[in-house]
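Per-chain numbering from 1; labels A, B, C and D assigned in written order.
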């Protein structure tokens, strides 16, 4: 086991910086998810750790070793690829044992270790099959088996669940989580699925345009997103972001006026500015028209999801989603009204940066 | 003796062999376009069964060991010529080369081959065989008075005809037309009587030199003209004779349907003309004696079903009219010849000459004659076993002439073939075809070396 | 996204160059050297035989000037005529091969089984069987009493003497027969990569077969179409096999460029002139390949 | 209405298939029948009294037999192995490392090769092989063929290479393989079907070729089958049909066998359909 450390690492493709001066510290035994939309640099970051890309600048360390210029084969990492990359001409046994083989392990030792890992992953009965003869879920496990078989210092996952259907994905997610806890390995996991990241990670690093926008434990990032980008990316449905203007301590908009939350110390500096008001759908509550600080909007749509219903309202041209926890969807027509506690309000400045 | 010892002894043997005095042994290689059981198989038989053992024995009597090797070449003539050129240009190749006479000038000018006496020394002229080779035939493989090799034999050309068909059409057999007029009239008679295109006079580029020799020359010489003016040293580009010869083609193939142009134009046409003659669809075919002795030889693929000797006769090719032929002859023919040349890069020129002259000794030539009777260059070697062949030699060699042995000949020959093709296919009139021919000649040898009818 | 990883570390530059070393060695020795020689020799009167073999002279552009001698170059057997014939031959073969290849690939798109195997095998065999054997069987096929005419006669059509009356059609037919396999395999592979959902979408939208081809399949195989056009053009320009059927005749009606060059280089042994032709043919091919690629790039830009 | 269209489509398809099958099979008829005739002609007919004499006569020609079963085999197999090997390695490198102008590079090579394999380059090729001391050796022939076939082989092979997802190789590297292990264990096995296509293509090209062996070889016991067919010609350069047809049939059999084997084992097909 080892930690992974990025010091101002940059990777350029031509004029484009896919990873731009990133600092990152993955602790020993920690599970870190790199989360972001496609093209944000998360996969490149992962490949930089694997050694599949060479950094244009900065230093990468695994454990005590500076691996910036070290080739992938000498980094002693394990990686699960998005398409699994199981060699179609080898049996599962040969596939899983391959890392041992190239490290010169004897056949008997190889076979024993492979069986052990396969047993652990419940694919032992498939070892004589070819990759084309097994299901997607089994392929995924085989791929994981191959990544762990030689006990690498770091695990890397490149969207390993994206090729599975929804049900399998949940299963595999739970499985991965358990596996990681059991093995206690350092893991870096790339995904664009925020739920996956929330579920698995010890810490989430949200990336945008080659930079890490925010890194922290899942709930911390969820609760206090540093930017509108993070706010928008985490949570499903995402945080509502409504344009407002701060005037005399009041947040104004064509549709409503709310008193600015008092606990934000830096608010004074933003007097008279256009801001974004953020509120998560679960923190909005349907209320009577007359309620204090109620926000009114026209009902736009209802999405009953079983235990909850998503209600969307058109508030002065902005769509606001409300999560209503009730078995029975509310009956709504025409105008509806919602209220929110001040403590659950987030404010972001003109650049989308959180105001604390 | 175990295997290892055998190896040692083998090595020792090789060493002692290599250390032996040079005069006591030698090796020579001969190449020909011949393959055992394939093309020119008779030549292989002759060389391997007669010449090589006899020569080796002959040298053994003198206390010398000579190893002879035959390189059997399986490709086409052009390919062999090209391989020689490549080999000789870098100074290698077999010692004795089967050689076509008309290649000589080009090879000499390129500096690839040298006269016999330069390769082997004056010993060449001490050979008694020269007495039996006529002045004209000595230069079968020669150029500008120098001799580069010896010809295995020569040939003559004539009209072969089907006795049965001619008789059926009411012509008298044996048949011998005395002029073109008569030839055409008789052909018309056969055409009308049997409803076939009776006459084939080779044309076109598809059959290559066969067109020049069996077709173009046979027509052209009948008008009294040659391709080359030997007195002035110029090529004849335009001439009434050329026009007349082209008009003969035009008459035969286009105007009167006396010949089937297909056989002259398509790539396997010569085969078809053989087949057509065999099957009685062609009555008169201008070919060389080779057609008689080899193509239609009894038992071969192209022999008419009723038997060659039963239904095939031959007639001399007439001039336009008696006395109008080349050199004032009544009839015309042309002769070529292949033979063997010495490779100047040989390690032992004298030995190579010894082998060459041995091949052309009376005994060896007689041995060859038994395998394949034909017209040999030695006047003391008769055409045995085939009276018709003897008669051809006797009657036609007298009126026969040879091709110009000049460097540009091969290309000009091709231009002549092309000229006939243009007329036969109807692409050009005889006049246009002749003009185009003269243009080509000029581009090959330069305008100064071509006569045109201003 | 992987496409942006041009400088991937899969292969280090060093390993890459090591892998390429044999390729470079072969290219340098057996392609570049002869090529440069050919270009150089096209400016001389080099022959294999005769005086010019012993002492070739630099003659500048004379070889080229002679080829483009506009007084005589359109005569049968001359360079200009050969060029015209070659253009016919290439265009007709190209249309034949590419269309037939595409047709077969389309007909068997997403079909499997015995029928497909049989057709693909037959077409491929026509491509790979040695030409020395093929030439004879085709001569027989085209014979006035050959299989083709027998078949035509059976359905009541005329029975032409192919090699005499329609030699160009004959060699085009032959070349299409011989070369269709390449286009067929190419398009078949390309079509195999088209996701079924695209076609299904078109079906749902009610497209007919032609629209489906034009709007869905064609855009997806455009790059392969360009490849086929370039390679088939190039190969057809240089194909020599028809020689075995017609030797360029009758009356030079099939004197296409490769046969023409062969005659000059082999029958006449005029290497200077033969090289000049080779250089011109290469320039033509170069321009054609450029045009195709340019058209392809533009087509992509417009998309 | 739909049924009519369906039936028409079926009929159209069947007619198309029948015509294609006939067009591609009929020309081969002579090749199959003629060798068994006692008196072969260019026309096609069932032999009335089938005979194997022609084959017997062909086998009597030692030169031709050796040419076919030894020399052609050595040269074709040699060039096949060498071309496939060099092209596979080269194409892989071209597909995976970034060389400026590599696409144009391959096209230019193909243009070169079309000039060089033509007759005009005969002399330089001869001189080159002569200087290398390889005249009259199988190796010389194999080398020259490899050089000539390489560009197109590279071109086709590159397509196969590009069709392999990079993740296979990347996973090999991450798994600890060095570049050569990756090549041996992952890349080569995965491009096997491509190598087969290139291999067959190279084999048949050499198998059928006349010119190059012809200018580079001298001894009759090294000449390949394409040159040996000329030994079944008469002195005048006309073919002896009976023997030629028998030899031609023998001549195509190895190619046929090779193709059927590879097609059955790996499938004879291109990958993504080579893009420019």
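Basically, contacts are C-beta pairs under 8 Å (C-beta built on N, C-alpha and C of every residue); 3 or more make two chains touch, one makes a residue touch a chain.
Treat the numbers as computed from the prediction; the structure is a model and nothing was measured.
Q: Can you list every chain that touches subunit A and also touches subunit C?
A: D
Q: Does C-D or B-D have more contacting C-beta pairs?
A: Answer to which pair has more contacts is C-D.
Q: Can you work out the whole-Å distance between the CA centroids of subunit C and subunit D?
A: Centres of subunit C and subunit D (C-alpha means) sit 16 Å apart.
Q: Go ahead and note the Å separation of the Cα centroids belonging to subunit B and subunit D.
A: A distance of 38 Å separates the two centres.
Q: In angstrom, rounded to a whole number, how far apart do the mean CA points of subunit A and subunit B lie?
A: About 90 Å, centre to centre.
Q: Measure off the straight-line distance from the CA centroid of subunit A to the CA centroid of subunit D, and report it in whole Å.
A: Each chain reduced to its C-alpha mean, subunit A and subunit D end up 54 Å apart.
Q: For subunit A, which residues are shared contacts with two or more other chains?
A: Only 47, 51-52, 71-72 qualify.
Q: Touching at least two other chains at once: which residues of subunit B meet that condition?
A: Answer for subunit B, listing residues that touch two or more other chains: 82, 86, 268.
Q: Can you pull out the residues of subunit C that are in contact with at least two other chains?
A: 5-10, 12, 48, 139, 266
Q: Taking the complex as given, what residues does subunit C use to touch subunit B?
A: Touching subunit B: residues 47-51, 53-54, 66, 71-72, 75-77, 139, 161, 163-164, 244-252, 266-269 of subunit C.
Q: Flag every residue of subunit B that touches subunit C in the complex, lowest number first.
A: 78, 81-82, 85-86, 89, 103, 105-107, 109-112, 204-206, 261-262, 265-268, 407-408, 410-411, 414, 418, 421-422, 424-425, 427, 436, 439, 443
Q: Subunit B touches which residues of subunit D in the complex?
A: Going through subunit D, the ones touching subunit B are 39, 41-42, 57, 60-64, 67, 122-123, 126-127, 130, 135, 214-215, 218-220, 223, 227-228, 230-242.
Q: Which positions of subunit D touch subunit A when the two form their complex?
A: Interface residues on the subunit D side: 165, 167-168, 170-178, 181, 185-186, 189-190, 192.
Q: Show which residues of subunit C lie in contact with subunit D when the two form their complex.
A: 2, 5-13, 15-17, 19-20, 22-23, 26-27, 29-35, 37-38, 41, 46, 48, 100, 103-104, 107, 115, 118-126, 128-134, 136-141, 143, 145-148, 150-151, 177, 185-193, 221, 223-224, 226-227, 230-231, 234-235, 237-238, 240, 258, 261-262, 265-266, 271, 274-275, 277-279, 281-282, 285-286, 289, 292-293, 296
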